[in-house]
Amino acid sequence: MSRARLEAFSDGVIAVAITLLALNLAVEGPGHGPLIDQLGHRWPVFVAYVVSFFTVGIIWVNHHALVQDLARVDRTVLFINLGLLLFVVAIPFGTALMASYLTEGGADSKLAMALYCVILEGMAIGFGALFAWSLGDGRRHHPIPSDLQRSAWLRFTIGGLIYILAIGAAFLSPMLALGIVGATAVYYIFERGAAGAT
Amino acid sequence: MSRARLEAFSDGVIAVAITLLALNLAVEGPGHGPLIDQLGHRWPVFVAYVVSFFTVGIIWVNHHALVQDLARVDRTVLFINLGLLLFVVAIPFGTALMASYLTEGGADSKLAMALYCVILEGMAIGFGALFAWSLGDGRRHHPIPSDLQRSAWLRFTIGGLIYILAIGAAFLSPMLALGIVGATAVYYIFERGAAGAT
Amino acid sequence: MSRARLEAFSDGVIAVAITLLALNLAVEGPGHGPLIDQLGHRWPVFVAYVVSFFTVGIIWVNHHALVQDLARVDRTVLFINLGLLLFVVAIPFGTALMASYLTEGGADSKLAMALYCVILEGMAIGFGALFAWSLGDGRRHHPIPSDLQRSAWLRFTIGGLIYILAIGAAFLSPMLALGIVGATAVYYIFERGAAGAT
Amino acid sequence: MSRARLEAFSDGVIAVAITLLALNLAVEGPGHGPLIDQLGHRWPVFVAYVVSFFTVGIIWVNHHALVQDLARVDRTVLFINLGLLLFVVAIPFGTALMASYLTEGGADSKLAMALYCVILEGMAIGFGALFAWSLGDGRRHHPIPSDLQRSAWLRFTIGGLIYILAIGAAFLSPMLALGIVGATAVYYIFERGAAGAT
């Protein structure tokens, strides 16, 4: 089986998912009060768009880096990849849900944010599974030295733990959880250290 | 004609279709009762999303495996492929329909589920036609030995029969039909035997 | 400039457009009368979906055949291609419009069908322009012999004239116009003669 | 890292964004007055569709020209590219917003148009950043001679300044701003001079 179609299909799915994020930007339009108020009232939608856009973008960058070194592709890795995409595709839903409830307050606000973070956690676990698979014998052109493996695992574990932390934080304060997810995106954009390992 | 664009176009169509499945996840939002109740009431939507996501994903994996061995591509196979995609593209519609009626009960519930299974049957027939075409002289780099052909046909026939069974089951119990479709997806994910033949 | 990205971008746009056709299949859902009546009432939507799906599919097949023989790609052909895609992308809109008015009768029904045919005419002209460009010196790997050029032009002219005929027919009977468009799709699927020329 | 997936992902995102522009073409449908009036009332939607379609199309052509000469791709350029796509993906939203308020008049009309131009300005800046990155040592197969660099920068600066001018013009007259954006698209389609430099 060829790596090219795994990449092409994943690129397509991630490209559609990242573009669908923008469907949620719509305002109600003429006849629903001054536009400036409509936009002001919907600020969480714009913040959520930027946070989710870069979160999905980072996964694409990491997916790109991981997959391009694969020496072979089998049915197992195709299905692991589908498991990852199941959560990526759900991110526009999670983003819209979280943004629409962010300023509502109360239990719904917390639950919506927690669900958003659960989807991100699912994505992190899916990506970790893809990475774990890639460590098997003969699966990479450039096997990762064990010390880099350790630092790569550390990064994945931290990513996975951060989203679990965010799920917990959502029940204290949805804003805090959104701050954690946003900060994680900023961290991964500027983080370079172990990039070669993934 | 080149196999590359057949793959690229099919990947694009399947990627968009699988991503559109998530459009159906949306809840009604603030002002329509507690979020937990909205989510609970819409559980069929989430189950349907996972079942259809993997059903489409499996078709993509099998399509990938079949097409990459094609030695040539002509107008006939492009149109057979379009026939397959006609049903793949209709899956988000069928999924949304089936999920929205699943817990309604009565004749509508059965009809909606039957229609969903009819779309899947159309997809199975489309894929079978693509496979049948590929058996012609000089159409594959690695012609399939006749014993593997027999087992591959058996698998396709079973797949096609299962969805016909599911259409029938839909009129007894929509839940039973959904269970059959879900079990079929699980079976194809873990089935390995004749993978090399498709 | 490379042909590969012209193909990749066109494949992407056509793949999304063909998939968006299915968004129009949705019924109103529970609480809007028996499902069988909803589906029966919306039969034009299903017919329109199949007709437009194959119409777009045919354009993709022809685009694929034409572009793969291009020896070079410049800014001019990229913009001609964008002009073609401008109409392809509008087809889901035209299809939804036409289907929703088909059984309304009256002037609106005729206007909606005429608009649908105008969009198809725009697509036909765009494709003709792409073909005309390809005839220039050094633009094809395999220059088309002048007798095949004549037969290819004849086919394009006929295609363009048929859609003009359909625009006219729309004002007599929208059903007749839809029949013409559907028959054209069937004709192009089974037509083989001058396929090598495009 | 490979240029191919940068291209494939960008092609996918731009293809989806350009296709989503057409979602805004929908009219209200039967029961909302004569179709001709619905269409006439919504003329800004059709003008906006054409202007945005070619604006996005031009960015794709320029992106294509720039990226195909890159000698290497690193995480930095992937994230600069994501920054560009963040604005491209927002264009369907900006287009729908601007079109729905264009004929409303008043402050909302001006604000909606200004927001549309801000999104285009963001896109122009993102593209300028991508170009600036490409000038670094060893990043292009064919380094751009300094005099062509100057003319290329001039073009980008003019592009960036024109959209700033359009933001200002939006507060005087939204129609004037739309005229500026449309004229800019026409200019870039026919402009050839420094095409080799980007």
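Order of writing sets the labels: A, B, C and D. Residues in every chain begin at 1.
What we mean here is this: a residue touches a chain if its C-beta (ideal position, glycine included) is under 8 Å from a C-beta of that chain, and two chains touch if they have at least 3 such contacts.
If you're wondering where the values come from, they're calculated on a predicted model, not measured in any experiment.
**Q** Which angle of rotation, from 0 to 180°, maps the CA atoms of chain B onto the equivalent atoms of chain C, to the nearest 5?
**A** To bring chain B onto chain C, one rotates by 90 degrees.
**Q** Taking each chain's centre as the mean of its CA atoms, which one is farthest from the centre of chain A?
**A** Max centre-to-centre separation from chain A belongs to C.
**Q** Same or different for chain A and chain D, where same means more than half of the interface numbers show up on both copies?
**A** different
**Q** Using mean CA coordinates as chain centres, what's the gap between chain C and chain D in Å?
**A** Inter-chain centre distance comes to 26 Å.
**Q** Measuring from the mean C-alpha position of chain A to the mean C-alpha position of chain C, what distance in angstrom results?
**A** About 37 Å separates the centre of chain A from that of chain C.
**Q** Which chain C residues reach two or more other chains?
**A** 8, 12, 15-16, 20
**Q** Considering the complex alone, what residue numbers of chain A touch chain B?
**A** 1-2, 5, 8-9, 12-13, 15-17, 20, 75, 78-79, 82, 85-86, 89-90, 92-93, 96-97, 100-101, 104, 107-108, 111-112, 115
**Q** Quick one: which bits of chain A touch chain D in the complex? Just the residue numbers, please.
**A** Residues of chain A touching chain D: 7-8, 11-12, 14-16, 18-23, 25-27, 29-30, 34-36, 39, 49-50, 53-54, 57, 60-61, 64-65, 68, 189, 192, 195.
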